[in-house]
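Some structures are shown below for you to check.
Same chain, two partners: chain A is paired with chain B first, then with chain C.
Then we have the complex of A and B:
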């Protein structure tokens, strides 16, 4: 054997490499200090600045040593990575770190400048009069110790696959998560300002995910060792459980912590509110509801809902939960309406009228009631045993496509009800800024993505000029209300412009489609791209019609309805627009769902799969593609009307190529050809930049967005919520559904065979 | 009157004349084979008959009615169903969905036809839920034929059903084509596999560079020296 000097030993070299990595990380991570004239200060701060383990360099060298061990013993570690429960554990751990490090824990800038856990805990741990529960949590390394303890407990449970340890670890995780959540709640009620921060809720969710991993570990000796299927089984046997669980959490939050009524920043919780209205002239129903009705009804709904969803075929209990939930939701809304109106008419300080001055509490209660009612309804109506049997069968037959949570019977309805409840009752609790984002960014782009999904996702035609139809819709509206230099024969309210705008956008779609749809693939994309630009340039140059870059003036008025006694005008606040948009969206979605399963939908699917074969089976391919263009375009036209009347003022800059490409990106990100996917893609990618605005430094924002898209490409290449067909398209159709590779090492497997 | 009459058609790809005046006819209930080497114009002929291409000269009559230039999706309503070259099943649709697509011209598919397809191809019944793309080559060919049958054809156009398949499977497929013909469906089959095709066909035509150079009954053509030399690779002893 050749004699090599010690420093050329591969292990030693690796150790040095890892230590160097630690050094580099310590210089890279954290706030950059020092100046060009004085690098020394920057380096000194980076190396010897304070951290939880003395000078920073020690912490980072330890990270390097950790990496060293990880690489050196990788072959021994690797078998454990397939263990049931490891995935939820890893995702949850990542979530907790994000919740602790990245997200805001408070909006109150007096309490903590950047609102994050670190700064908040500095302030909170030394505050007199704060509840000890909160004070302990916010004493610095406590949250991290909680995190480490939960993680290590779960890790041990996962490695040993020990039942008792698994349950214990799950319990620890739940306690840790709830503790942080409650501590945050105490701080908020102490500060007494409305709060929209997400940190505590996010870390609770992440802890619950880790707990899920621990539970999987605890149960894995009973089940086939396969995390995904374990979760599917747990839910498959209990349709609606998911909904009931979320409903219960939301309900508890609304009753115990949330602000219900806040004229002049008074922040009354339910109990305070009940005291406020006790003995007043408020309708007795509402007074009783505030005093005890809300507690009793919600308690009953939670109890019945959970029992009904936990057991199978408890149909009667399901109906009870449904009834209680519906009654509770209606009473909540009635009380909110009456109480706010009464407060305003009696001249409460700061009260301004119906539906005004409300905190999140009432809305969350309504959300919880709706979710619990939905859970009850699912239990009551689903033919559970039959459905579950079918699910089990599907699970066993390996040839069918599938394997995601969506295929659990009843899960689809549960998700749908959850989304509806959130869409109805969450927006009122948001800040005005976010309501604006919701309406003018998220809502409009979701509508556009729904439209483009027909063209790109269903018919498989790449359209890079989609925004042109949106422009046609917007300008048609401006024209019809008389805001353009070219005057219409008669002016109408923007709402009545919808049919005309739809027809105009449709004509534009056919005009573009008829001559170009014989082109395929890239050629079509280029022509549509050109079309989008032409529309924008015409809008800039046809000054006598479009008023060029100055845009329509006077501003497009807000929509209004006046049919006999019914008078309604939008424009007072964003919420009204949101509900209008919601109605439009629901109608469009219902229409498109039916379209997807129609003959036309099947024709699109066939064209996307194989155009020649589609022709051979008798599909009029040209007409089907033209329909796709026209239908997509008209949806875009509706979005245009909405946009024009909501912002009032716009100009050709709102319709640049950038937006066309963004909408394509949303559809691809969400999952081509999947309606919920396209919507989720648009929602997430419009929400994310706004969300990051207040979370990370402005310079880093694009990097975070890029990171999210990168992660998506790696882990969900077919999109956020892929269409079933597309999923197989990208995974390769020859591949059998993936099952985690050997969850249990050969040596430990059970049974007599080994 | 013949079911299908092709009268002196000429088809061009730009300046290239792919068919230079091809004429043939198919009688009701017959199996007719079009033979020829690569580039002889077999597939072009078929595509023209099925309405995917348009002849620049000449006439095609189906049941006495002119159909040249009528698009494929209209022709299918007259009962001309086409199994395209290379099978072309919908890869991400299940077997059942593929078959249902075949009945696209009807509002709903005919259960009796579906049962008949499953009777002809029991393999497809075993795999109704499987995706088209996961089937083997032979099964895909069966699916493509089954899909065309769902359109209740009077005239079934088959483009190289033996392409890329094992000899045993080819034999199976041709037996099934025979059965389909026995059900009363007229078949026009384009083939390179002359033995199989002529063994099945009542009559055959041989195409060469866009022209019909030979025609006759299946047995006659099989016995023809030129055929044997060109397609069966036999040395002809003179």
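Then we have the complex of A and C:
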């Protein structure tokens, strides 16, 4: 080690690495900089261009140096991170800064140009007649002072592990978060417009996280020494508490602050709405519900739900909470339906019909009722003492495999119910733009990721042409409704195209699979990639069949159902498509869940792990792989039908290789072989570009997404939500790192083979 | 029989295109040889080479140049392309592969991290330079379409000669490196059996990153040649990368001679088949992939089989 040249010194290397990081960061920030005439201009500007602190490069090199010191002295810093409460504090602090700097606080572009806290506070502090609470909060250094005070208080509490200080810091944090939240509420009611910005809610959550850290610090003299254990213990004893807590928060929000009814800029909360309909011809049950029913029911649900979940396993109370929640949810929906319908028929100004002109309030109330009912149901049905005892055993013994949140009893159902409630009732509160994103980006790609997960995640076959089946589904639909130059023998409504499209996609899958499935991994990848390209190019070139790049015309009609008295047609409203998609997705997910542990699913797992061994134990590998291909393909085909009938117009550009690659990236990003993982991966990575649109120059989005994917793979190669099976394998008895035999790092090559 | 008359022309065209495919394909195959991974970001390494060489060539090109001067500029372009690409490839390995290797990540994670890197590089270059495709290289120093020799109706242009000669020389150089140097021996050893190679005192990490350097340099050469011939842009890598990857698989991935052969074959097939009267130019890509699928169905490990250690 003595004769190492200076440039191979690890510290020097690290310094250079950090400086390079700074350089790259400085190049990534800012507007589009190159031009056709002057290719250098981008680099020149980034390196030498003037900014607030001289050339940007200096700032970022300083960042690099900071990172360098952080890494170098990590061993000194690390012990402090083990202190109870420090992690939630750090996460929360980051969240508050994000909420203050990055996220929008208002959609109203008249009030503040970009809608972020800085500009909003400029506007708000010069506005007359705003409530003093809001006025104070929006006077500029105040939010930051609040932030610093709560952070420092928490930090002191964490370092001293002082109980009183901990509670005090938690109180400060809660006050700070609520203050910002209420101030935002006042501004919104002052402006009188419905609002979808996330900033204030986000900072509230972040402050609550910090407060959680302070609480952990306050209680750290108890035997519960670290945050994760603390949280796990808190929930392990109380199945359903998680759900009841969220439900209560959502419910309070809906009762106290959210807009329930907003025709033509009227921003009516629940109280306003009940005044609006008082004494009108609205059905009495709804009137009573608006006047006091909502308060009483939600209050009762929250109270009973919390008592039932906090006290251990009060089964009867659980059933009560369940009943109240269900009744409340039904009444809420009924009232929303009746009230909007009545308002429209009586000619309220701006009211346009059933389910129209609603604010977020009613939907949030429904969401809260469903969550509380779910919490009650979990308490009532879970065989709590046994489960809790088991959980306790797991927590006590240090060498168990488990350790993640999902091992908490009832947590699985709680998460499931929460997701369902949000999926059902959150989309109506979103803006039309986001509803469109939800349906035509997130929803469709989640469905595709579910399908590809079968092929890539379960059977371990790398398919880079998955979009081809999606194209087959779309074009089959267009053909069956008669929108293509090639006419079908009979025309049907798009929904009835699903079985045909599934069959066609299945045939395509088998056609591709049968000759190629004996190829191994990477060869299969290139063949599927070629197949995907062939399908797309055929769609472009076969003009007499597919109408080439112009796509189907006339547009594919919207789906419709007409069975006897049941008549329903999907129109332009994205929400309707969302619910259709939700139904499709739920059916597919239920099917796949059952498939995963079936004989076929186990055969896939065997093939994935070791194909030769699987064959030797009697698995018909070819058939199993073909099934994987066919099932994946048909899911993709269903997504194609949905896509075609929702957008109406499409062309071969929608089926490029890039999408195939992206879907693979979604699946791996989320966690290969894990159904929730694949869905989460697709949802996050399709949501991210739309989110980034407002944060960075639009054309740079892919750069940031690339960076996110890269970082994810570096720091969490198993994905967002790793598959249980894989996780268990990795955490299993032998702790030896699983290393690709050809890629053994030098330092480990001696030990790892033993 | 128009097609038959033009066949020699198509052949020359195919040879030029094929030699560029081959250069890029060699990069895929080298990396596959040592890591058993498809380096999905290799197409961006190729793209970076074109940008890098442009920065130098556009500085040197203005003014009058004789034959010697022009040759020097071409040489400078080749060299800078190779250097920039090699550096990018090296960084790529350092950032997107090494950390994953050290964590023992599943194989697909490498693919995805490379895809992430690929997105990142494409858009970063687009941001720093521009997002047009087909930016022209300077041409004044090099009358690229001037005919050099005519043989029985075949016209070979200057740029075609440069491409074929440069590619040929580079491949010979590669052959010498892989077969005649200590580094080459260690690359072959790692490709053959990494743990054993490590036992024999080969530094695997270093060998892998040098393999990336070599593969990158080849792609950089191809990047300059491609840019000079057809123009360059931040998205130029994708199509070329896919084709070159196909070429590498065609010849038997992990096999250097296979990659060269696959590249040339793919280039020639693409040039010869589509102009056939019953096919048509618009089916070029389909032809390429159909040939690929057909060959793989009958020879599942490519034309020449896989081993870098054995066949190189």
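Throughout what follows, the second predicted complex is superposed on the first by the 620 of 754 C-alpha atoms of A that agree within 3 Å, B and C clash if a C-alpha of one lies under 4 Å from a C-alpha of the other, contacts with A are read in each partner's own complex, and residues count from 1 in each chain.
Definition applied: a residue touches a chain if its C-beta (ideal position, glycine included) is under 8 Å from a C-beta of that chain, and two chains touch if they have at least 3 such contacts.
It should be emphasised that the depicted structure is a prediction, and the values quoted were computed from it without experimental measurement.
By the touch criterion defined above, A:327 reaches neither chain B nor chain C. In the superposition on chain A, A:710 makes contact with chain C only, while chain B stays out of contact range. By the touch criterion defined above, A:560 lies against neither chain B nor chain C after alignment on the C-alpha atoms of chain A.
By the document's definition of touching, neither partner reaches A:91: not chain B, not chain C. Once chain A of one complex is fitted onto chain A of the other, the partner contacts of A:615 are limited to chain B, with no touch recorded for chain C.
Contact with chain B, but none with chain C, is seen for A:603 once the two complexes are overlaid on the shared chain. By the touch criterion defined above, A:657 reaches chain C but does not reach chain B. Which of chain B and chain C touches more residues of chain A: that partner is C.
Shared contact residues of chain A, touching chain B in one structure and chain C in the other, are absent. The touching residues of chain C, when paired with chain A in their complex, are 32, 34-36, 38, 51, 54-55, 58, 95-96, 99-113, 115-124, 126-132, 135, 190-191, 194-195, 198-199, 203-205, 208, 238, 242, 245-246, 249, 253, 280, 282-283, 285-286, 288-290, 292-293, 296-297, 300-302. Across the complex, chain B meets chain A through its residues 50, 52, 71-73, 76-77, 81-84, 88-93, 100-102, 104-105, 127, 129-131, 133-134, 147-148, 151. Of all the residues in chain A, the ones that touch chain B in their complex are 397, 399-401, 599, 602-603, 605-606, 609-610, 612-621, 725, 728-729, 733-734.
Within the complex formed with chain C, the residues of chain A that make contact are 24, 27-28, 32-36, 39-40, 42-43, 46, 456, 462, 515-516, 518-523, 525-527, 529-531, 533-534, 537-538, 540-541, 657-658, 661, 664-665, 668-669, 672, 699-703, 705-710, 712-714, 717-718, 726, 737-746, 749-750, 753.
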